[in-house]
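Just below is one structure, and these are the notes that go with it.
Note that the chains take the letters A, B, C, D and E in the order they are written out, and that residue 1 is the start of every chain.
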Amino acid sequence: NDGSFDSTASDASATDGEPAEGGDLIVGGLSGPTVFNSLYSTSSTDSTIQDFMFNGLVEMDENVEPQPDLAENWEQSEDGLAWTFNLRDDVTWHDGESFTADDVVFTYSLPIDEDYIGPRGSSFEKFEEVVKIDDYTVEIHLSDPAPDMLADAMGYHVLPEHILGDLPVEEVGTHEFNTKEPIGTGPYKFDEWKQGQYVRVVANEDYFEGRPYIDSITYKIVPDKNSLLAQFTAGDLDHLSLTTEDIPSGEGLVEDGAAIMESIESASYSFMLYNLEHPALKEKEVRHALAHGLDRNTVIDTVLDGNGNVLDIPAVPFMPAYNEDPPVFEYDPEKAKEILDEAGWEVGADGVREKNGERLSFSIISNQGNSVREKIMLIAKQQWEEELGAEVSTEIIESSAFSDQVHRHEFDIAMRGWSISLDPGISSAFATEQIENGTNYGFYSNPEVDRLREESDLEPDPEKRYELIEEAQAIIAEDQPYLFLYNSDAYTLYNPKLQGHIMHPKAEFYRVHEWWFAQD
Amino acid sequence: MSDLLTIENLKTYFFKKKKVIPAVDGVDLKIKKGETIALVGESGCGKSLTSLSIMRLVPKPGGEIVEGKVNLDGVDLTKLTENEMCKVRGRDVSMIFQEPMTSLNPVLTIGEQLIEVIINHQKVSRPKAREKSIELLKIVGFSRAEEIMKDFPHRLSGGMRQRVMIAIALSCNPKLLIADEPTTALDVTIQAQILELMKGLTKEFDTSILLITHDLGVVSELAERVVVMYGGQVVEEAPIDSILNNPYHPYTDGLIQSVPSLTGEIKELHTIKGNVPSPDQFPKGCRFAPRCHKAFDRCFNEHPDLKAISDSCSVRCFLYEDKQEEEEYNV
Amino acid sequence: MITYIIRRCLLTIPVLVGISMVSFGIVQLAPGEPTALFIDPEISAEDREAYLEHYGLNDPIPVQYVKWMGQILQGNLGYSLINQGMTVQEMILARLPNTLLLMIVSAIIAFAIAIPIGVYSATKPYTLKDYTFTTFSFLGVATPNFWIGLLAVTFLSVQFGWFPTGGVATLNEPFSIFDRLHHLILPAVVLGTSDMASLTRYSRTSMLDVLDQDYIRTARAKGFKQGKVVYKHGLRNGLIPVITMTGLMLPNFIGGSVIIEKVFNWPGIGLLFIDATFQRDYPLIMGLVMVSALLVVVGNLLADILYAIFDPRIEY
Amino acid sequence: MSKVLEKEILEKESAGEPKQEILRVTDLKKYFPIKSGVLQKTVGHIKAVDGISFSINKGETLGIVGESGCGKSTAGRTIIRLEEPTEGKILFKGKDISHMKEKELRKQVRREIQMIFQDPYASLNPRKTLGSTIVEPLNEYNLYGNQKQRLERVGELLETVGLDSSYSNRYPHEFSGGQRQRIGIARTLALDPEVIIADEAVSALDVSIQAQVINLMQRLQEEFELTYMFISHDLSVVRHISDKVAVMYLGKIMEIADKNSLYEEPMHPYTQALLSAVPVPKKHGATQRERITLKGDIPNPANPPKGCVFCTRCPAAMDICREVQPILKTKKENHSVACHLFE
Amino acid sequence: MNAKEITVNQQDPEKVNNITNKPESLLKIGVEKFFKNKLSVLGGITIIIVVGMAVFAPWIAPFDPAKQDLLNTLAPPSMEHFLGTDELGRDVFSRLLYGARVSLLVSFTAVIGMKTIGVVIGASAGYFGKVVDSILMRFVDVIISFPQIFLLITMLAVLEPGLKTLIIVFILFSWTGTARLVRGEFLSLRNREFVLAARTMGLKTSRIMFRHILPNAMGPIIVSATLSVGGVILSEAGLSFLGLGIQPPTPSWGNMLQAAQDFNIMVNAWWYPIFPGLMILITVLAFNFVGDGLRDAFDPRDK
């Protein structure tokens, strides 16, 4: 259903002639940035702003195909253990220094250094060494083949060696570069960061793909979602990512001709995370029954206003590895009841099912500030209680405490979502080894999945690899460690004057240097 | 000597919820130029309220002058508008209040409080007003007047504050000075100083004084004539000598006998039995009747009028009805 | 007076130390830690450990406290954990002026409306006008702040376009006083209304009290007109308790401003506080706690000083 | 009259022994710190009571006079231990109570010394009925049997002071000043005290009611052999009720003597001035004293003069008065004065 | 005895005087003064109605407040749903009734709790003075100087979120105002003569504090309590706005209002935020009116 709103408006504006330089693009987001360094930050605001100023070696386009960025081309050795990248030789840093292989070696050696203190180490786990061949050639040696290399590690931004190179590694994270004077190679240069108000970047005249058309971009920090929309409505913002609840308002604006709305499937999905050590939830039958007992289509219709797709596996449809035909648990309360009856869960005196003295009782937790999850949680509670005879309590927890609780496996069911990388590999969240100190918070463990994951991670041939992945996806779907909910669409609302806008499943401002404002 | 102030049948009532409280109920009073008159009576009998009625400062809401005339130099004050009254207050009539401790504004300097009133009533410049204020402070006995000007009230003792109040009251040479218990809060040695001062005033400026007090000692120091009030009415009016030595009204008599003396034989104190009735509960007949040891039937049923029984004395009591009638007849 | 102020300041030190200890404890009690934010990109266990170790977050709480205190004594509030490379000082200083501006202006608005109304009501108690004003001022306190705020933004800013939708100034425009005021008006008025009511009530009660005093009668007896009696003799006395109240109201202003800051996109310390707390940026939280405690202390001190200025009976 | 009261009267009458000392105060001092600022730092002391000594015999009345603020109330309150004495001794029936703990006081002393407060209205809890105010101490000490008997006792007490027993369920604000003062007296009598400190018990009343209360107090004293310490600034009233009179000035006793001796032959210049300044109604035959007018300023109690505290206003001040503090010395039988004139 | 005769005689006129003059009790005067203030009476009636709604919610409410109707969300007011439905199709009217329970429960218990702590601490500080006072007041200073919002957020993170936590947090950090107020009252009352009189009677300290002084300080305490009730309702709404209020699905006015604070809802389902907003407004207003009336009723001065 993407693109249904933009057709008329964007067609009209598409004829607005040649790209022209000028204008200030004002965009908005809920939170401010933390640091301008992709190896040290995790927030999406950060990466949005970093993308204005930095480049990686490779970037993934809107169709999830790798495209050259700072690297002109690359090749992989037969065994998949060495990658050679040929770099562009026409790139200069914002401070005028030229970009060379030294910068790349410096950047990708950083996260594998034992003194590195930052959140990104896991993307570089297989890196053994980064070697400079000549000024514009770099070779990366791996311990194991890494088919996800281009989509993952090579997307991290290259940092200027001439500024950060002399620092002890543990101090790179706290250097002023990260917050006050970032120097990149990207289309925009850092201009100003007014705490709590905005970050402004200005066009890089010497950008290697040519000067961006738009003179400057101001990223406005607007901490309230409603204010964001209000600001867009009042014409104070040119570009806004909509949450699903605001889509009707966006439609209104589109009708008035005040905005263009575009959508794309996002690289993320939502699910309910089961704790498989819970006495009832550890039974696969119970999980199947719960899945049959929740009307996910209605959830999407009421909560997301229909803007999302029911999902049955841990992947999104536009990815190259996507199992089209996994085990599906449709909404069927009768079947759910049957399954429970068969599994020995009998309805007790108070209407709650029991088995061996154990009640079918659990709580769902969610983090504070997410009304979509909150509503889904309440719908699930009602449906499971009324139709399945479960006893469900719900709780909303302050975000950090919520994360902490999930980390420590202290939950029955948690409302969660993953934003996924553009590589289709099976997430480590399903790996047995990740139960302790990892991202497998629900104690899911299936040797078959572990095996398929390891194999696929080492398989250099994409087709074979995708088959392994899809096989694992089906097993996971059958095991139901998660109750997969949906993969929603990302909606963007922007000023009709804005031209050249491209929707991308992950990057909000994909190829922003090619956008321009139509002149009056 | 002509009458400066004539009050005729003044009635000031309080209107509370369903009740009407006749706190001042038909007071007649005359003050001549340069004369000092004392208003005495038990607490709550309406002395202060009478004086506030003259100033038209009856507490609002609730209090109201319902009837009567207050003639000051031929002008009926009860008929003046509020604005006209503002010109009379402080200039023609001024007042020293019962409580010196609280009657001065705590946040303004003494100087300011004096100067403002002078400027308000006399069209003089500020420096002139200042000079005059210092002079006044000297008159009321401050030797360090300049310094006092800059002081705030809380630094002064009660006696000093009372003297400041007097200075304020005198600042525009009023024709009539109302002094409501000017010395009750003070101790005797300071009281003596203030009484001296007030005596001087009448001589020097020919000011009339209405002195309100219940201290008969003070009265006999200052006043020429005494008006005795009971239950919102005047019950006796006579020269001081007559009051002290030959009181007519039984209440006056009781009052004078109750005063313990500083000399002479100590005997059981005389008392008037009972309490002043509260104004909304006045008995039907004479208001003093329930406490009066000479009361007879008529006293409980009829209300006596204030009648002159001699040139200088009037009394509100049936005991003297006959005598007076006789006198009238004789005339 | 000056020695008094100095002594007062010294006296606040134990209070501040107490506050720092208690809040340090509370902060550490809260579950979660800064790395919780990194959960989404699947931070590895080693990375997390290294992080905690590096920032000393694995030390026992007393040790952490002593280290932190040591920093403070060197006049350094430390580095933010989230915005790496930024000092806590600069982060707070970037926002504090906005909060102060908002607080002061809204206080001025509250005073400018509340005191005349309170005084007027006191001169005509229990009349229709008094009731009307009472109701009016109570409306301000009875409406949830964010509700009026959002209504104001939705209608006055978005629909009618009379006011900016938020922020402290128009983007990409040179500084102008008018522009700043234009941005300030809505948040300041909304914040001010909630305190207006109590101020109105306080000034009314206080004036009723004062107008009953003997010295007011004295002023009348001096022949002054109503206006002069009320404003010259009454108001200054009536303001004294109102001033004490203001000192006590300061903490409310800081607390109440969070919501206003959020609704009006006002970059003040309230929002920073929320962010810091949600993200467990310990040094920043502690810095903010100390700053706002200091504000409260300064507010009370200011109230005392004003008190002394207005009331000559108080001498330091 | 209650049986108990009757019995006590009997006992007391039969005792018939010579009057014995019941209260002795030696060199009693009470200083109030002067606190400045909100910091409440002590910057000096108000010497409200600065070394007073006297004694009272059972069944007698000691009058204390002096201008307002000279420390009369403070002396009274300190003696009854509502204030901690700064220095000095208070002997009650030979027991030193000056440093007794509140608990001990409750056990041993409170019942026997009572105080009538300066302002009768302020001294009654506005939210308690008359009855519950008076019955409370009886409950506290478990006197007079059960609750009903106690209430009867309250009724008796009210009648003793001339109030109707039906008043006991009314609130203080429903009474007139004179009635309140009598309620205050009834309450002090409830515990059958031996000593009553009456702090300006009649100053708030007007003359006719004042007379009623004084008569009542005298009657009670006769009946129950009460001991009074009668504080007032009204010299005429004190003359009327006291056996002995002490004249205070700025925290010190200037002169203490038998009543007649003091009023007829005042020695201290201050006493003389005080007596002369009392305005008297000039009845025929009353002798008017010659008035002594005092000049000069009243010294600040926080910073009293070095020598005699009265020297700033004393018409007879000598050099020595400004340097040396005079000590209270007995000059005649039952007549002591602190003045250099009589050295 | 002569004196005796006099006293006996004295009685009669007073008796006549005082008995005919039916005395008014403090309570009666207070009540009369309160009823004189029409706004307070109006406020009082409103509170009674709201409390009634809360108490009888199960009988009045046409629907189960948690019952969702996903096919009928954000419906405008109709015969079936007087005040429409919310974003999960729940009946707004029923939720408002149950929300009244929660909002009132939270505010009443929190106010009772904080007033109790405040009174005990304030009374001790004011009555004992000296060291006790200094220590307690420094403690109060510390608590007051904390930014409330920080305390609320962290405490809500530390403790299990929910009704109880919210109440505890309100109590723990809001008693300071009362403590200061009560301390002030006690400081001025403890040297009043009726307290001294009680001491000379040898009454126990606790009795003097709570039976003699406290009733005289009750006026301001009750007034501040009524005002705090409104304050707590508003604070809960504010916390809900920040997402820290009462946990769904339990309805409270605060979280209902918060749920309605959506640009889309404000524009397209404008009635929804109006109702919880109005309930808060009316109730808080009513408590303020009552508090104001009480302030005058407890004021000893007669106006």
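Here is the rule we use: a contact is a pair of C-beta atoms (placed from the backbone, for glycine too) under 8 Å apart; a residue touches a chain by one contact, two chains touch by 3 or more.
Just so it is clear, the structure is predicted and the values come from calculations on it, not from any experiment.
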{"item": "Neighbouring chains common to chain C and chain D, by label", "value": "B, E"}
{"item": "Of A-E and A-C, pair with higher C-beta contact tally", "value": "A-C"}
{"item": "Chain of greatest Cα-centre distance to chain B", "value": "A"}
{"item": "Distance between chain centroids, defined by C-alpha means - chain A, chain D (Å)", "value": "88"}
{"item": "Computed distance of Cα centres, chain E from chain D, in Å", "value": "46"}
{"item": "Between chain C and chain E, centroid-to-centroid distance (C-alpha), Å", "value": "24"}
{"item": "Chain B and chain D, separation of their C-alpha mean positions in angstrom", "value": "32"}
{"item": "For chain A, residues that touch 2 or more chains besides their own", "value": "226, 230, 233, 398, 400-401"}
{"item": "Where chain E touches two or more other chains, by residue", "value": "3, 6, 10, 14, 153, 157, 261, 263, 266-267, 303"}
{"item": "Where chain D touches two or more other chains, by residue", "value": "179, 212, 215, 218"}
{"item": "Residues on chain A engaged by chain C in the complex (per definition of touch)", "value": "24, 26, 31-35, 40, 42-43, 116-122, 125, 170, 173-180, 194-198, 216, 218, 220-224, 226-227, 230-231, 233-234, 236, 398-407, 418-419, 427-429, 437-439"}
{"item": "Residues of chain E that touch chain D when the two form their complex", "value": "1, 3-4, 6-8, 10-11, 14-15, 18-19, 23-26, 192-194, 196-205, 207, 212, 215-216, 300"}
{"item": "Touching residues on chain C, where the partner in the complex is chain A", "value": "30-33, 35-48, 50-51, 54, 79, 82-86, 91, 94-95, 98, 150, 153-154, 157-158, 161, 164-168, 171-172, 261-265, 267-268, 271-272, 275, 278-280"}
{"item": "Chain A contact footprint on chain E (complex, rising order)", "value": "66-68, 70, 73, 87-89, 153, 156-157, 160-162, 243-244, 247-249, 259, 261-264, 266-268"}
{"item": "In the complex, chain E residues that touch chain C", "value": "36-39, 138, 141-142, 144-151, 153-155, 157-158, 177, 180, 230, 234, 237-238, 241-242, 254, 257, 261, 263, 266-267, 273, 277, 280-282, 284-285, 288-289, 292, 295, 301, 303"}
